Structure formats: C-alpha cells, structure tokens
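Below, chain A partners chain B and then partners chain C, in two separate complexes.
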Partner chain A sequence: MAQALLNGLVSGFLIALPAIALSLTYGILNFANFSIGAMITAGAYLAYFANATLGAPILVAAPLAAIGLGLIAVGVEHGVYRRIRNADHITLLVASMGVAFVLENAIRFAYGADVRALDVAVARPLAWHGLRLNHEQLVIALAALSAMAIVAVVLTRTRLGRAMRAIADDADLAEVRGIARARTVDWTWALSGALAALAGVLIALDGIVEPLIGTNYLVSVFAAAVIGGIGNPFGAVAGALIIGLVEEVSALAVSTTYRQGVSFIVLILVLLLRPQGLFGVARIRR
Partner chain B sequence: MMGYLVAILTFVSLAVLLGLALNIQWGQAGMINFGLAGFYGIGAYTAAILAKHGVDGFTATAAAIAVTAAFSAGVSLATLRLREDYLAITTLAFSEAVRLVLMNEVWLTGGTDGIRDIPRPLVGVIGGEHYEVAFLVACLALIAIVYGLLERIVSAPFGRALRAVRDDDVVAATLGKDVLALRVKAFAVGGAVIGLAGALHAFYFTYIDPGEFAGFVTVYAFMSVIVGGKGSNRGLMAGAVTVMILLEGTRFLKDVVPVLSAQQVASLRLMLIGVGLIAMLIYRPQGLSSEYRLSARQPAGAEPGS
Partner chain C sequence: MSEAPAALELVDVAAGYGAADILASVTLRAAAGRITTIAGPNGAGKSTLIKTLAGLLRPRRGRILVGGRDVTALSPAERARAGLGYVPQERNVFRNLTIGENLRIGHEFIHRRASRREFALARARVLDLFPDLAPRLNGLAGALSGGQRQMLAMGCALISGPSVLLLDEPSAGLSPRYVATMLDAVAQVNRSGVSVLMIEQNLVEAMRVSHDAILLVGGEIRGRWNAAAFLADPEVRTLFLGGTQRVAAPAQPERQRDGASAA
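Entry: the complex of A and B
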C-alpha cells in the first residue's frame, strides 16, 4: 500500500506537467487543447532524436526537446489557432484534434511504429524501509517538481505571469490595459510545449518510446485538469496528484490495463458532482 | 475492378452513415462527439457478439442500434449542463474506455484477436456469389431511409428547436424548450445511426478487432461533416465521398514515390487528411455547401455564435 502511494505520487508529478500545460492554454485561449497527448509523444521523439540519433546525453537532449516543442507549439499557434481565433471554441477544439492527428502521423512517418528506448544508463533502485524507489522515479519527481516551481515563479513573480493571469481573467480588459496579447499567447504556448516535452521525456525515461505514449496519458491529463478546475494551473497539480494516487491504488484491485478507465470514472464523477473542479471557481458557463 | 468498386462504395456508405450521425449530433445540435469511434465499436461488437451466439442478423442489428443509442444518451447526460468542451473530453475518454474493454475482456470480445467469422444475415438466401453487391444495395437503401428520417427530423419542430438550442440555449430555454431532453434525444438519435453503421461494419467485414475503432474513424467523420458543410445532410454525402476519394486516391502515392515504405505512405495519407481538415477550418469553415437558413443575414461586423 505504501509502495502504491509512493508510485502514485511520482506518477501524479508526471501527469501534473501536461495538466499544467493544458490549464495554461485553456485559461488564456479558452479552449481545450486536444493535441496535448500528441505533443507529449512529439517531445519524447524529439528527445529520442537528439539522444539516440545525434548522440547527445539525456541532460542535453531533454532541454533541446523542450525548446524544440515550444517552438513547434508557437508555430502551430501562428499557423492554425491564430487564424481561427474568431471562430467559436468548438472549431478550435476540432482544429486541435486535427493538429494531434498530423503530429502523430508525422511521427509515424519519420520513425514508424517500432518500440524504441532512450540511451540512458540503468541504475539500481533505492531502497528505504522496504519501499523501493527507481532511479527513474527519483528523476521524474525531481524534474517535475523543479518544472512546477519554475512555472509557479513565472506565474506569480514575473511580468509575463502577471500578463498571463490578466488575460486569463479578462482578455479584453487586459488588452485595454496595454498587455500585448499576441506575445503573451506565444509565450504561453512555448511554456506549454516545453512542459509537454518534458513529460514526454520523463515517460520515455521510465519506459519506452512509441507513437502512442502521449495518447495513453490523454484521459489522465484531462481528468487531472478537470479535477483541478480546468484553467487553473495550481489546481491541475492537485488534480494530477489525485489522479496519480487513485490510478496506482486502484491497481491493487483492478488490472493495471484499466488505469485510463479508472481516470474516466473519476472524470465522470467529478463532472456530475462538482463540474467546476475541486479547486475551481464556480464560473462555468454553458 | 467491379469487386473493388463495390468494396469502395460500401466503405463510402459506412462513412456516409457515420457522417449523418455526427451531422445531427454536432451539425444540428452543436454537441461535439470526439468518441465516435468508441460508439462505432459498441455497435459493431454488439452485433457481432449476438450474431456469434446465434441471434439472427436483423435482431442483432436492432440490438446494436438500441445499445449504442442508450450508451450515447447516458454519456451525453453526464455533461449536459456544462460547456461543449466537457462533452468532447467525456466522449473521448469514453471511447478510450471502450477500447480498453474491447482489448482486455477476452471472454466477451476476444481481446486483441478480435472476433472472426461473424455470420452474415441472409447469406443462405442470397448466396455467397452476389452477397457483396446485395450488401451494398442494402447499405444504399438504409442510407436512403436514414437520410429521409433525418431530413424529416431536421425540418420538424424538433429540428428547429435543436438548432435554436445550438445557437443559443438560453433563448431556447426562455421560449419554453426543454434543452436537456432535446440534447439527450439528439445525441441518442446520432448514436442509433452510429450503431447501425457499426453493425453493418461487423457484417461486411465478418471480422472485427479493437484497432478498427481508433481515433482515425472519428477524424474521417469530422472531415466528412466539415467538408460537406456542418448541418447540411446533402452536403455531407458529397463530403463523405470527397474524403473517401482523397483516402483511396492517395493510396496510389506509393507507386509515384517508390522510396517510401507502405507504412510511410499510410502515415503520409493520414497526415494529408489532418492537414486538409485544418485547412478547411481555416479557409472554408462553412464547407462546400452550407446549411439552408431562413434567418436574415447577420449585420456586418457581428460575430455569429458568441
């Protein structure tokens, strides 16, 4: 049980990164980015490209992947989302699904469906009072916590963060007050892409690289963001921890293959009982 | 060649049915269904499992329609008071859950091996030789029936109320429309058509596995509706045919570009579909033909739907 809680905590940290990314873009652009799963996958493959193909050590490959995916996300914003900004948000949803489809198949085009692995050394797990913590889990926890700390500092302490929060609150008012909306949106996408890429690298580190690794986390990520009150990055972290714990603890009772199924049930329950999320403000409109 | 043509036309028929379903859910009622593939799978597996247990094809198809409609109503109920995003999230998550059940409940679905040798209805009467052609004729007849029914629904007061809810649910509610019931019904009607398509899929291929009910099915259906013009059933037919021509036409890419492997050509074709979908949304969001509307033109500068 204690082991399950520990594993759940680590997997919660992992889910938190894309959940924050999802909440950031939702808060500022007011649409749910359905390509977040494909973005995670793309991040993993970018790291794989830098690490296994170009031979860069993983500590270099991971930031490269984050920067690369950040740039791709900004590119997609300019090429797709910005052009349909004036359409209703359903159109944006459908467009993000199209983006996911293109990204996923571009990856298949380049790398096929083969299962790959990053070129990293395998280390012995740490043991402490009968609890085992894999080296990879430690890296995941540390990397995710540092990334969250950086996001928190950016959001609360910088001009960019203030601008992002202002736009999330009221985009028109923020623009009237002289906040450069387009540039803030670009930075939000860059941050969102970097977070998704980091999640992809961490997932790949703990397992394998294949075209569906991000999609397999899609339901968990959305469930986490909804629990946290979608659009609220800090809530998303709490939601991710809850989802991580519920998934791992439920694995004691139901088969691990149903991890996403458990997330689906949690998602439905939250939507029925508390649709604004556990930490969201009740300002949900239809 | 004849056989190929019949096969393609049967695929197109299934795509048209899925498009018609999405067109009432999304086009008419404004309810987004990102889990269409999952509902399609439910229809196909219901028909296949029943047929394998000796239920005759027509009863199995009716059951597939009923079961898929019931699941659609249930899933839509969970999010009806919320914004459209939540229905999108829930249907997508539902579809993933369906895929997990299909892959893991081996006792029921055969797992990743799928279900093979699904008995076809009336195969004894028609005979194997002309069965494909007869099946296509049946599909076309069913499309005609579904199209007729949906057109009636669209032009009936129910359809008008649906569009009113889609365009502004507060106004519709103020006018005394039961917004909740309208939405559940619309989603269930769409689900019934998806269930029918699923059953036809199972009987046509006589073999199904979970991989056939993945996200690309949903993307094709959205592409058909977007190309045809959201809300227009006639446009949708053209849209579904266009998408299938694109899909089948690009199949020959591998003859033109021999350096690519079959896998790469397949990925490239799907990429093209995705790019096409995005391009349509950007450059021609109203599709090839737009919904017939009685309303006066919007004054210049007004943003529709906001």
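Entry: the complex of A and C
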C-alpha cells in the first residue's frame, strides 16, 4: 500500500505538468487543448532526437526538447489558433484535435511506429524501509517539483504571470490596462509547450518512446485539470496528485489495464458532485 | 464649439455591432482640463461611444484624437499607453487577483521601466484618494463591495497618470453615500489636471461636478451645454424628467436614477 502511494505520488507529479499546461491555455484562450497528448509525445521525440540521434546527454536533450516544443507551440498558435481566435471554443477544440493528428503523424513519418528508448544509464533502485524508489522516479519527482515551483513563481511573482492571470480573468480589461494580449498568449504557449515536453521526456525516461505515449496520458491529464477546476493551474496540481494516487492504488484491486477507466470514474464523480471542480470556488465569476 | 484645446476629439465617427450602426456620425470635443458628461436615454449609444473611445470597438468610419494625436488605428493597450485611462461600468477589476495586484497591473504595463519607488509613489497617491483600499491590499478584488470595487477600478485607471479619463457610469449601482464620494473623487482627479469624459445617468449629481454636458440621442449628438444650464433646458427636461417642472434632486438618489433612465 505504501509503495502504491509512493508510486501514485510520483505519477501525480508527472501528470501535473501537462495538466498545468492544459489549465494555462484553457484559462487564457478559453478552449481545451486536445493536442496536449500529442505535444507530450512530440516532446519525448524531440528529446530522443537530441539524445539518441545526435548523442547529446539527457541533461542537454531535455531542455532542448522543452525549448523546441515551446517554439513549435508558438508556431502552431500563429499558424492555426490565432487565425480562428474569434470562433467559438468548439471550433478551437476541433482545431486542436487536428493539430494532434498532424503532430502524431509527423512523428510516425519521421520515426515510424517502432518502440525506442532514450540513451540513459540504468541505475539501481533506492531502497528505504522496504519501499523501492527507482532512479527514474526520483528524477521525475525532482524535475516535476522544480518545474511546478518555477511555474508558481512565474504566475505569482512576475509581470508575465500577472499578465497571464489578468487575461484569464478578463481579457478586455487586461487590454485596457495596457497588456499586450498576443505576446502574452505566445508566452503562455511557450510555457505550455515546455511543460508538455518535460512531461514527455520524463515519461520516456521511465519507459519507452513510441508514437502514443502522450495520448495514453490524455484522459488522466484532462481528468486532473477538470478535477482541479479547469483554468486553475494550482488546482490542476492537486487534481493530478489525486488522479495519480487513485490510479496507482486502484491497481492493487483491479488490473492496470483499467487505469484510465479509473480516472474516468473519478472524473465523472467529481463532475456529478462538484461541476466546478474541487478547487473551482476560488474563481470569482460575478 | 469650445475654444479650449481638445483633450479628446471624435470626427464623424460611426460604430456598431453586426449590421447596424449604433453611432451614426458623432463629432465631439472634450475640452482639456474639464469634466464633460455625456447624457442620453437608454439605447442612445453611450456605452458604444465609450467602448469605441477605449478601443474595444473599432469605428467603421471617422477619427479619434487624444490630445491632438490620431489614435484611431491603435489597440486598447496602445491607447492606454498614449494616456487614455478607462473605467468600464461593469467587470472593471480583475476579481481573482488581489487589490494590490490590480493596482500594480494598472501601472506596470504602461510604465514598463518604472522603478519600485515610482510605483510606490503612484500607489500612495491613489490610496490617498481612496483610503478605504489601503488596509485591503492583500484581499481579492472580487470580495469588495460595489462601491469599493468602483474605487479600485478608478484607482487602477488613475495610477498610471493618464491625461484623459473615460468613465462609464461611475455611480451606477452605488449606494447614495458612495455616489457623492465617487463624483467628488472625479472632481478631485480633474483638479489635478486630468481631463474627464464620463457617461452618467445620475444627472443631478453629475452636473454638480461637470463643466460641460453633451446630449446623445439615437446615436447622434443633439447638443452641447454648460453644465449649469443643462438641466434647465426644456428639451433635456422633456427627455429625462418627463416634461414635469421637477428639476431639484429628489430625496432618494435611487429613484432619481430611475427617472433619468426613463426616456
């Protein structure tokens, strides 16, 4: 049980990164970015390209993947979303599905559907009072926590963060107060891309690289963001921890094949009992 | 019209939503250093006019000048940086941010290179004007009462030191005590050199502090008065006071607001 809780915590940290990314873009652009799964995959492949193809160490490859996917996300914003900014959010959601198909198939085109692995050394797990913590799990926990801390500082302590929260609160008023909306949206996508890429690298570290690794996390990520009260990045972290823990603990009782089903059940329960999400009350909408 | 130089000028502006023009052809000047109030019955296009001035609505035709500079092509953010402060009627503060953050946002995107000291001075000036806000800087803006929220909204527009202030019904929804406080604050801001253009339904209170009054009916300017003469004009009285002889303020400002909105 303690082992399941530990695994769940690590898994929650991992889900938190794309869940934050999803919440950030939802808050500012008011649409659910369905391509978040494909973005995670793209991040893993960018790291694979730098690490296995070019031979860069993973500590170099991971930041390169984050920067690369950040740039791609800004490119997609300019090429796709900005052109349909005034369409309703269903149109934007469908557009993001299209982006997901393009990203995934571009990856298949370049690397095929083969299962690959990053070029990293395998280390012994750490053991402590009968609990086992993989080296990868430790890296995931530390990297995800650092990324969350950076996002929290950016959101609450920097001018960019205030601009992002102001636009999420009221986009027209933000413009009236002198905030350059287009530039802030670009930065939001860059940050969102970097978080998704980091998640992709961490997932790949713990397992394999294949064209569906991100999409496999799609339900968990959406569940985490919605449970946290979508649009609220801090709630998304709490939602991710809940989903991570529930998925791992449920694996003690039911087969891990049903892991996503369990996320779905939690999501449905939360939506039935608290449609605004567990942490949705903090947002004042009157 | 006015001999004083214009703080704000509209030349033949047409604007609206969808197919129809709400403003047909509006030409007006708000004199520098004065308070100009735009009055008009509901549906006259007052809100459309102020949104067009703030840049939230693009005019179909015409030009908008701030201090003689053509700002027609500028975005709301660029107009704010050109010295145009705007207080919307509703949704005028960031509700999920603290009061301190709201004030900071009002300053930092217009004076991008300002030092901490400059911001502190600007904030102290605003808190002098609205001392109610000072003890609540860490509270959420959405938790404020209507009157306090209106003060914060005005503080956020003032903190950057605009040359022209646009106010969309600063007294709307306020309790009688706050209506006078709010309009006194407008007068005080004006005395410090800021030109004010406001929309107001509460005409008796508004004329107490205004210098000029402009009447907007059906998307067109019907005339311009000295504030002192405005409420005595027969046309204005027919429009707002139902043609009765009643000119003095009724005892209850709320009732009087209702009277003003009945066209």
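Heads up, the rule we're going with is that the second predicted complex is superposed on the first by the 281 of 286 C-alpha atoms of A that agree within 3 Å, B and C clash if a C-alpha of one lies under 4 Å from a C-alpha of the other, contacts with A are read in each partner's own complex, and residues count from 1 in each chain.
Assume a contact is a pair of C-beta atoms (placed from the backbone, for glycine too) under 8 Å apart; a residue touches a chain by one contact, two chains touch by 3 or more.
Values in this document were obtained by computation on a predicted structure and should not be read as measured data.
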Identify the partner contact of A:H129: answer first if only chain B is touched, second if only chain C is, both if each is, neither if none is.
-> neither
Have a look at where A:V176 lands relative to chain B and chain C in the superposition and call it first, second, both or neither.
-> second
Chain B versus chain C, judged by how many residues of chain A each one touches = B
Given the touch rule stated above, what does A:A163 touch, chain B (first), chain C (second), both, or neither?
-> second
Can you list the residues of chain A that meet both chain B and chain C?
-> 284-286
Contact residues on chain C for chain A in the complex?
-> 54-56, 75-77, 80-81, 86, 88, 91-97, 101, 104-106, 108-110, 140, 142-143, 156, 160
What residues on chain A touch chain C, complex-wise?
-> 159, 162-163, 165-166, 168-170, 172-181, 282-286
For the complex, which residues does chain A have touching chain B?
-> 31-32, 34, 80, 83-84, 86-91, 93-95, 97-99, 101-102, 105-106, 108-109, 112-113, 215, 218-219, 222-223, 226, 230, 255, 257-258, 260-261, 263-264, 267-268, 271-272, 275, 284-286
Within their complex, chain B touches chain A through residues 26, 30, 32, 34, 78-79, 81-86, 88-90, 92-94, 96-97, 100-101, 103-104, 169, 215-216, 218-219, 222, 226, 261, 263-264, 266-268, 270-271, 273-275, 277-278, 281-282, 285, 303-306
